[in-house]
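One structure follows; several queries about it will come next.
Residue numbering begins at 1 within each chain, and the chains themselves are lettered A, B, C and D in the order written.
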Amino acid sequence: MKVTVWNEYRHEKTDEAVAKVYPNGIHGQIESFLKEAGLDVKTVTLDEPEHGLTEAVLAETDVLVWWGHIAHNEVTDEVVNRVHEYVLKGMGLVVLHSAHMSKIFMKLMGTSCDLKWREAEEKERIWVVNPSHPIADGIDEYIELEKEEMYGEHFDVPTPDELIFVGWYEGGNVFRSGMTYRRGNGKIFYFQPGHETYPTYYNKDIQQVIINGIDWCRPSKRAYPAYGNSQALEEIKNGQQPV
Amino acid sequence: MKVTVWNEYRHEKTDEAVAKVYPNGIHGQIESFLKEAGLDVKTVTLDEPEHGLTEAVLAETDVLVWWGHIAHNEVTDEVVNRVHEYVLKGMGLVVLHSAHMSKIFMKLMGTSCDLKWREAEEKERIWVVNPSHPIADGIDEYIELEKEEMYGEHFDVPTPDELIFVGWYEGGNVFRSGMTYRRGNGKIFYFQPGHETYPTYYNKDIQQVIINGIDWCRPSKRAYPAYGNSQALEEIKNGQQPV
Amino acid sequence: MKVTVWNEYRHEKTDEAVAKVYPNGIHGQIESFLKEAGLDVKTVTLDEPEHGLTEAVLAETDVLVWWGHIAHNEVTDEVVNRVHEYVLKGMGLVVLHSAHMSKIFMKLMGTSCDLKWREAEEKERIWVVNPSHPIADGIDEYIELEKEEMYGEHFDVPTPDELIFVGWYEGGNVFRSGMTYRRGNGKIFYFQPGHETYPTYYNKDIQQVIINGIDWCRPSKRAYPAYGNSQALEEIKNGQQPV
Amino acid sequence: MKVTVWNEYRHEKTDEAVAKVYPNGIHGQIESFLKEAGLDVKTVTLDEPEHGLTEAVLAETDVLVWWGHIAHNEVTDEVVNRVHEYVLKGMGLVVLHSAHMSKIFMKLMGTSCDLKWREAEEKERIWVVNPSHPIADGIDEYIELEKEEMYGEHFDVPTPDELIFVGWYEGGNVFRSGMTYRRGNGKIFYFQPGHETYPTYYNKDIQQVIINGIDWCRPSKRAYPAYGNSQALEEIKNGQQPV
């Protein structure tokens, strides 16, 4: 399983508080625990040519992990369209935290992907509501985070294929915080925690969920379906020249 | 639309605190606001012959509303099976609060329907997560109840057809508090609030949701599908004697 | 309920066979049976200024019905984005037949929306698989069409919120032919039949399903959810000037 | 992964045509290809004590495969309740063909599980409608069976968690032929093909789907959720004696 972690990598370079939590970037920390879990991981970031998401890189990626926040609009449409094509062809996509408003997630969802938010150092509890789902494997009834940014409903996304986690926040909000979607031949997992100023990606349970999510998003072992004129498709299949 | 409200009607007769909140029984209060909404309502209770759920009553019911708690096991299997048949044939069913463990709901769900609970006079907020659903019509972003019994995840029910509300509790729990299910030709709406010691069914928003839920559960205008031997079914349809 | 029927209106002007079936355009025929059903209907077409979908028209539309085929790309992105906004704000959308590859449907779905097709004058049977759904009200176990264009799986759309109809074709294919989706505050119904050379929209059952679909897509009676900074939102709600 | 294959094993002993197709019983043939696939398999049948489904056997079963037809009612309620408990606790269940009306499947579904059927030696095509689902891994766009019993809609089961296959029949019917359900901590896969007089379980694609289905149903690695009085549960967790 080949995993590519994409990070915007801006907060870490300009905000001391973030740099202190993630000295090697958020991507560096994610890479670190995925490697420990035995995955084949590479990282790429926004400021690389083609944001690091060249044809060559995507062709060698089974699952792409995405973290972005303040520079969603700097990702070119060309790269977004390329990633979109790869997801429809079968590449998995794990979308983290503020990437809910990344161009790629919005394009795949078809909605505004907007939500309520609050930075108030508040406690979050992420409850498992789908106990037999492999993405919850190894997780207790809930994960407690001492401090997270509040993300609250209404979260303007399509009804998920599967709802796995629901978040509770001290300040009175709830959030559908772990959800899967199938789009084309690709599988998508959105997971809410991971504000840049908190050490969320050092939490063992959060790491486990991301590892599970990557595993769940692995490409299927099927040819991409054939679309279009059915007669022509059958002629091609039978080795004939379609008319 | 003909609505029948079924209530266990035991707490109100033995517990003074409950009797004070619901002097005419929980069914009486539900009947009262449904009538105000222009619905044709009757009430029946556990201690009536056949628990009030005779063939005659069910045959005249479009939607059945159910509240029960301490006497689930006193409902006979015969009556449960009869109601089950009616739901499969198209009668709507609105299941309230502690009726999550009623025999009829458990039979329709196929699971334990168990959950976590706590009586701690805590605040609940019921958030809308499905903003275009007619059951949420007229409701603001959330309904706030000063005091409710906590019902918490994991709630052991099948994945709902539609998740409409998610509850937040002061004490740190969340709950899928409004959900729809289709079973056979019937539609089912489960709605969590309504502990017997709190005046929940006097709350205008809670009333609105129950009215909306009844409307959503209205029977469809279709014949019950024909099941069995396909040839025989076609012969019957064509006016022939099946072989 | 105010319904606007949008039609590309090209086949009818250039293809005699189509003009013979739909002398007043496909939109004309749809308008005709919707009016008979008592709906307040207007029609607009591609070649009108802004394709007839001005702010003024959309502001007065509860549900938009869309038929297009050979000129999807002539619909400007500006108009597509405007319709998209209206759907997210609550306007219903009924997508017919070849409009599965209209820009607006693709934008809302986030997938290729591609499928297999065949024009072979073959019989279709549209089976009801969701018997209690109001969109199937009044419909027998299946609708039979003597001739329809085959649309076959795999249909590259997201898992529907509700699957209502499944199509069977003489030539060996199946298709999820009636499906609902919720996006933002809006409801969407896709319905497969309606090839331009067949008199599909004169079929009473097909008409009934479209009428039911429009009714199901009616806007909800709720304010659009508030998104963004939660503290600021509360201050605005309380009549304060947000900081 | 420990798999137990349960078979009614009656047709094979009384009907020569069936015995010819399945000389070692349907369970024998299923066992054979599962063993080839490297699974740890045992078989049990209806006429064994406790139908072979003792506590000891179930305690050593990760996934149970079930085939039954003419003797559903001979399975005792005691054994059905035991299997039900195991499914809710996490045991996987693969339900084949005519087991759609087994007591265990009906209990888990809560509906009549009825359908239309026809024995007419007709061709079936089983189309993949969920291309990224692991249960479809290795399968082409469809599986073609020269002869199968027709199972047609309406199939009276709850909306599935996931619809993976849709069947097409020569005679004009369609069927949701591969579906998943989650109930409690357990996962369930229903798969339609497998009439006793046809060599369906010798078909490599059918075998692959069953193998994939077993893998998908594997138990999760989580403790069973704790239900009941929340304070008492926390006290137990903290090593206290609950009051």
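Note that in this section contacts are C-beta pairs under 8 Å (C-beta built on N, C-alpha and C of every residue); 3 or more make two chains touch, one makes a residue touch a chain.
In UniProt terms the chains read A, B, C, D = Trehalose utilisation.
Not measured: the values here are computed from a predicted model.
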Q: Starting at chain B (Trehalose utilisation), figure out the least number of steps needed to reach chain C (Trehalose utilisation) through touching chains.
A: 1
**Q.** Touching chain A (Trehalose utilisation) and also chain C (Trehalose utilisation), the following chains
**A.** B, D
Q. If you tally contacting C-beta pairs, which pair wins, B-D or C-D?
A. B-D
**Q.** Remotest chain, chain A (Trehalose utilisation) as reference, centres from CA atoms
**A.** B
(Q) With centres defined as the mean C-alpha position, give me the chain C (Trehalose utilisation)-chain D (Trehalose utilisation) separation in Å. (A) 37
(Q) Taking the mean of the CA coordinates per chain, how far is chain B (Trehalose utilisation) from chain D (Trehalose utilisation) in Å? (A) 31
Q: Any chance you could list the residues of chain A (Trehalose utilisation) touching two or more other chains?
A: 128, 130-131, 141, 152, 154, 159, 161-162, 173, 182, 184, 225-226
Q: Going by the contact rule at the top, pick out the chain B (Trehalose utilisation) residues touching chain A (Trehalose utilisation) in the complex.
A: 125, 127-131, 141, 152-155, 159, 162-163, 166-169, 172-174, 176
Q) Can you list the chain A (Trehalose utilisation) residues touching chain D (Trehalose utilisation) in their complex? A) 90, 128, 130-134, 136-141, 161-162, 182, 184-187, 219-226
Q.
Applying the document's contact rule, which stretches of chain D (Trehalose utilisation) touch chain B (Trehalose utilisation) when the two form their complex?
A. 88, 107-112, 114-118, 150, 152, 154, 156, 158-159, 161, 171, 173, 181-184, 225-231, 233
